[in-house]
Amino acid sequence: MTNSWADIGWTDLAIIMGGNAAEAHPCGFKWVVEAKANRGAKLIVVDPRYTRSASVADFYCPIRPGTDIAFLGGVINYLLSNDKIQHDYVKNYTNAAYLVNPAYGFSDGLFTGYDEAKRDYDKSSWDYQVGEDGFAKLDDTLQDPNCVFQLMKKHFAIYTPEMVERICGSPKDKFLKVAEMIASCSTPTKTMTSMYALGWTQHSKGSQNIRAMAMVQLLLGNIGVRGGGMNALRGHSNIQGLTDLGLMSNLIPGYLTLPTEKEPDFNAYMSSRGFKPLRPGQMSYWQNYKKFFVSFQKSMWGEAATAENNWAYDYLPKLDVTYDMLRVFDLMVQGKMTGYFCQGFNPLMTLSNRGKLTEGLSKLKWLVTMDPLDTETSRFWENHGEFNDVKTGDIQTEVFQLPTSCFAEDEGSLVNSGRWLQWHYPGQEPPGEAKLDTWIMAQIGQKLKALYQKEGGAFPDPILNLTWNYADPNNPTPQELAKEMNGSALADQMDPKDATKVVVEKGKQLSGFAQLKDDGSTQAFCWIYTGCWTEAGNQMARRDKEDGGTGLAPKWAWSWPANRRILYNRASSDVAGKPWDDSRKLVYWAGDKWAGIDVPDYGAAFKPEQTVGPFIMNPEGVARLFTRKMMRDGPFPTHYEPFEAPVANAVAPKIRGNPAARIFKGDFAALGSSDKYPYVATSYRLTEHFHQWTKHVWVNAVLQPEFFVEISEELAKEKGITKGGWVRVWSNRGSVKAKAVVTKRIKPLMVDGKPTHIVGIPQHWGFMGAAKKGMNPNSLTPFVGDANIETPEYKAFLVNIEAIASGPVA
Amino acid sequence: MANQSLNLLRRSASTDTPPVTGGQTIEVAKLIDVSKCIGCKACQSACLEWNNLREEVGVNVGVYDNPHDLTPNSWTLMRFAEWDNPDTGNFEWLIRKDGCMHCQDPGCLKACPAPGAIVQYTNGIVDFVHENCIGCAYCVKGCPFNIPRISKVDHKAYKCSLCSDRVAVGQGPACAKACPTAAIMFGTKEDMKKQAEKRIVDLKSRGYANAGLYDPAGVGGTHVMYVLHHNDKPEIYAGLPHEPKISPLVAAWKGTGKVLALGALAFAALGAFFHHTVVGPNKVSEHDEENAAELAEEGKSSKTEARPV
Amino acid sequence: MAIDIEHQPPVVRARTFVDRYSAFARVNHWITAITFSLLTLSGLALFHPSLYFLTALFGGGALTRAIHPWLGVILLISFFGMFLQFWRMNLWNRDDTQWMKQIGDVVKGDEERLPELDKYNAGQKGVFWGQALMILVLFTTGLVIWDQYFGGYVTIETNRLAALIHAVMAFFAIMLIIVHIYAGIWVRGSVASMTRGKVTGGWAWRHHRKWLRRTVKGERAPGE
Amino acid sequence: MIGELSRRQFLRTAGAGVAGTTLGAMGFGGAEQALAQSVRPFKLAKTTETRNTCPYCSVACGILMYGVGDGSANNKQAIMHIEGDPDHPVNRGTLCPKGAALLDFVHSDTRLKYPMHRKPGSDKFERVTWEFALERIARLMKDDRDKNFVAKSKDGVTVNRWTTVGFLAASATTNETATLTYKVVRSAGIVAFDNQARV
């Protein structure tokens, strides 16, 4: 989220598209209801199903799964062709005026530089025209045919309301009503907030779905303002934290990245990271990359990381490819993986194409699960009839099931969607012999280290030299670890203005990432968290909720970065530093300094006349409508059909799926076509359940006991399916049996002139827990990931359906 | 453990009239704003947890309503109604939290034969006192909203208590506390009515011309009220009764007829007594006996003897 | 129930006795009577709060609620036994109409002016048929409101109707039984028919002369 | 742990039987008053209150966990009720159907209590000691790392990666757990490292 939960209460228009906030985040959604009740705000829901969010919406518009870019392209086209944009914002705070390399082009659904064999682009033309001074060229009149603004107009012109209706199945009048409501927020004093979640990410072009809306928000001037923003409603309680902390194949904490093997040494590594400003005087905050990186390396390896060994650069693994989950399971199937750890994760029930997952896990030599609950993954080898039809005796995987504590038993911090780090306390001890996750990880680390100390072996240095300064090496405390995340001074830190004055003494906690150094005199595990546990104590445990009703709660817990509650908040005021909307002041120029209710996302010393852009992380200082080379599948979003679609791509008929999305060979072969699988399926969560967890909870099992699929009355009639009867739903990859919920909430859509039926498949059930045993849409979903971040395409695929007499046999 | 209590307004099957207590009493109410409700069932969950209830894990029967009805263990339930609005052509998903309405004139209390099994506190809450309940299910018959359920385990009646144990210590009901969207609010009835007014203005501004407060006068008003977008048609909300009142059958059954009936029975017994007093016993005379004997003799000569039947 | 024991003066002549009820019929009657009484007590306990104290006789409210319907089952079976034995003798005839017309004489005990009667008079027949009908209705409506086993089979509105009818019927049934009991007390010698099974010839002569004549002749009416 | 006297602590006191004057405002006086009905005792009276965060979605609602036991040495604490934290600026005391049922997550029948081990081809889990499980896991890791560690790429670049063992991190563990996990996993050179962000 660029903003925070309670800030949604300050919006004028909430649009829920690519998510179902009422259902998935009820207590966050409350702020939409508050905005409606207290500000007269409106709510729009665009979704294939009439959801619980839609039940309280002012306007609902249906859409076919996987066609969001066409819809949003239509909105962009509407805004541009009706001149419903916030001009000052667009001109000054986005790259609309930037001139793009004339070699850049787009035709037949492809951008310049496509290589079909590699399914990838040569992105060299996707960039600005750069002058001899090294700065990007601009046309402030926005008239140059190569300026971003004009390219954008051209790119989105195809998405007329008629085209939107043809692709999305959204009736033209409804689409136009949505576009008109959105357009009403193009004035500086009206703000729209976008709330989305997996409904946008779980597509082969998920990242571009989000970009499309981000562009809408930039055109409306809604980023960096109260009641606005792009609000990704993260799924799990600390998935934000785990991502911040870099627990992914290619990340280092704080959104630094691992080196690739194309960067053999530290200089090569740094050459593509410390971004120089692309316009004069811009902040380009990533220029500080080295400070964050060196502080991280010092945090990891302490004394062993020296200037001489490039801060232990070689201790870090270098990637040839990204080892995301999809690739790892593909490698398992190929027999290339030996062992796998699943910590609080149940991939058998959550990753795509369950058949492939079972095959992969069966080929492992060993599997370790760590969970408070008895997961299906840990029992993937156990036969449960039709619910898990495996040949147990043939599976040679050795499995360890380690019992862990749950939230109620551990202490520490979680990062919510609004980037707040909140500290919590244990209320009881773990049951039986269950242990804290920290204890388990410490054991594994220490035992492995002991083996290397004793026996030597392959490159033991990073293991042996890993800092481990915990009072009890077998049981690091959350307090110790939190302080480590924050970072401390390894030498006295002097005031840059007065070399005799010590700002931070050696060994003391740092108070902000501005104190980080690239000379090895500071350490910080995660630079964006620096400030969370300072010499003033644990900032994450703060509990002063007073904020004068602004919803920012600046003294409650601690928010990264630098306790800032709304990102890009400098953009809430115009170039002169005057708030766009006086009733929603956020950060503004008070004549001599930047003032306001939030920590300015800006250099304190900048004056308005310096025209430093508000998007300080970008070398341009402005937000990017045209993303240059940052995205693998194009600098503008463009409509691609899902890999399994009922119709050909209306704007580029030859292209199947997202041409730059990664799909493995065997998985391509496993795709189904609309002649055999005529119905569009989409998977989702229900409010009664949380993921695969609450099926273990008696109460939630009561509230939604049994696996079902949802279909329209029309499809039910066509297929002879009765309400509450059993159905079989199958794709080219698998089959599930479910109860049928026949509802008016799903209606067939007219897509390209023909009625298209939608089958909704919730995912919550499995063969363990208190709820009825049930199947899972991941038996059906394709093994294809988003082009940029490899999120599987759970939200749009093809199935067939039939009525059956009875349910599965356990 | 603390022992809290609430002042009584009335008590089932009881001839005692609680004293009019001095001081001010405030009527409380729960306001269920259907237009804010997202049907998340947090209220059901909170109710089960607060009241330590254990409902059975059921099955799916093709709808979202689970359990499928109120039960002795499920005192509240989201009811989902799918409705195509004929006026706008739009589909509407009407979700209503069902449960005890805490009527000012409670039909259950009226029907209850067990003294003190159903009580109404001065704050308006209608509560079942289980140690007094005899499980006759008369409350089920008395209720105009079909709320109470009789346990198959202990044969006692159960329903929402409006969390009287929480209210007694100054907290609101568990469902109201949990409700994420403030679709359930709790406070004084007066405040809730004011809150409803605000909501109705907002709903009317959004095109719901018939938005209104459901506080049915037929049962003297309720301490659980609804804000409905279509207050002219409460029945579309999964059968919320239009102008509910205690059934005339119940009124007849439990009305003053009872006293008259008892009087009549007493009168009949008394009448008999006076008849006896006036007319005296209907005795067999010696003459009758002789006549009978004669007849018997005649019979004996012709046949044998009088035989028993 | 009061039992009227009459001490006869020394007899001048040998007194005749007529058998009126067999042991089976008597036991059947008293089971019915006791059950009816218990039903009345438990029913009234739940009928009006002022009589709720009667639940104490049954071990409290919940037990009263539980026992009452089972008593109803016993009553139904028991009464059915009586019904099978007595129904033919209770068929209406011309004498009964005449008897009814002279109800004033009946109340005054002026029986000589009445037609000779067979085993039962119209009043007794009324009690018989009235109870037969009302017990049936009470049982049926009782089943409907017997929540423990039959809850939920019919609509609540039907339930309410059943409860109302049950109460009304019970009222009439109790009324009728008051008449019945009083008649038994008032007409001296009647109780003996149900305690010892015999009545004196005089009793039969006075109240059921036609029956006596038949009996003397050894004639038996159908069903007797 | 919880320094200030919170509103709920006050309530706890109120609940403990001293009928606070505020209670009168709701229309009920003391318990002794004639013709008052005693209601079920407020079950949270005298329980211990611990602040936590709901482990489900990223709204991260504040919760209050009520435990039996007063924290004294010989008294083992167990959570008996969970409710929303009214002070929390986002959820303001509310909870969704999942959060409201957290108690049954904590006490779920399918919570794991002992380390279990399934031998290759076996059809059952067998209980093992932590020592056995951890020693064996470390051994399996080391054996594979020594065997499959890639120190240099085909082009001779130092890559120091270990690709044959993967680690899926969670989505609800604390930052502190994540930090420790990152350190152990990354220092071993593991690159098949992912979390639950995508599903």
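Order of writing sets the chain letters: A, B, C and D. Residues in each chain are counted from 1.
Here is the rule we use: a residue touches a chain if its C-beta (ideal position, glycine included) is under 8 Å from a C-beta of that chain, and two chains touch if they have at least 3 such contacts.
All of these numbers come straight from a predicted model, not from anything done at the bench.
A.B. asks: Report back the single chain whose CA centre is most distant from the CA centre of chain D.
C.D. replies: C
A.B. asks: Looking at A-D and B-C, which one has the bigger number of contacting C-beta pairs?
C.D. replies: Looking at A-D and B-C side by side, A-D shows more C-beta contacts.
A.B. asks: Quick one: most central chain, C-alpha centroids?
C.D. replies: D
A.B. asks: Mind checking the centre-to-centre distance between chain A and chain D? Centres are C-alpha means, answer in whole Å.
C.D. replies: 23
A.B. asks: So, what's the distance in Å between the C-alpha centres of chain C and chain B?
C.D. replies: The answer is 37 Å.
A.B. asks: What is the distance, in whole Å, between the centres of chain C and chain D, each centre taken as the mean of its C-alpha atoms?
C.D. replies: Once rounded, the distance between the two centres reads 72 Å.
A.B. asks: Based only on mean CA positions, could you tell me how far chain A sits from chain B in angstrom?
C.D. replies: Here the centre of chain B sits 51 Å away from the centre of chain A.
A.B. asks: What are the residue numbers in chain A that touch two or more other chains?
C.D. replies: As it turns out, chain A has residues touching two or more other chains at 26-27, 30, 687-688, 698-700, 703, 770.
A.B. asks: Can you list the residues of chain D that touch 2 or more other chains?
C.D. replies: Residues 82, 84, 91, 94-101, 104 of chain D touch two or more partner chains.
A.B. asks: According to the definition of touch, which chains form touching pairs?
C.D. replies: Pairs of chains that touch one another: A-B, A-D, B-C, B-D.
A.B. asks: For a test of understanding, state which residues of chain B touch chain D in their complex under the given definition.
C.D. replies: 1-8, 11, 16, 18-19, 21, 23-28, 40-42, 44-46, 48-50, 116, 119, 121-123, 127, 129, 161, 164-171, 174, 177-180, 182
A.B. asks: Where on chain D is chain A touching in the complex?
C.D. replies: Touch list, chain D to chain A: 1-2, 48, 50-62, 65, 67, 76-79, 82, 84, 87-92, 94-102, 104-106, 108-123, 125, 130, 133-142, 144-146, 148-149, 151, 153, 155, 157-199.
A.B. asks: Spell out the part of chain A that touches chain B in their complex, as residue ranges.
C.D. replies: Interface residues on chain A, with respect to chain B: 22-23, 26-27, 29-30, 33-34, 36-37, 40, 50, 52-56, 58, 60, 687-688, 698-708, 722-725, 739-745, 747, 770-772.
A.B. asks: Name, in rising order, each residue of chain C that touches chain B in their complex.
C.D. replies: It comes out as residues 12-22, 44-52, 55, 60-62, 64-66, 107-109, 111, 119, 145, 147-148, 151, 156-157, 159-161, 163-164, 167, 171, 174-175, 178-179, 182, 185-189, 197-198, 200-206, 212-213, 215-218, 220, 224.
A.B. asks: Mind pulling up the chain D residues that touch chain B in the complex?
C.D. replies: Within the complex, chain D contacts chain B at residues 11, 14-17, 19-20, 22-31, 33-43, 45-46, 81-84, 91, 93-101, 103-104.
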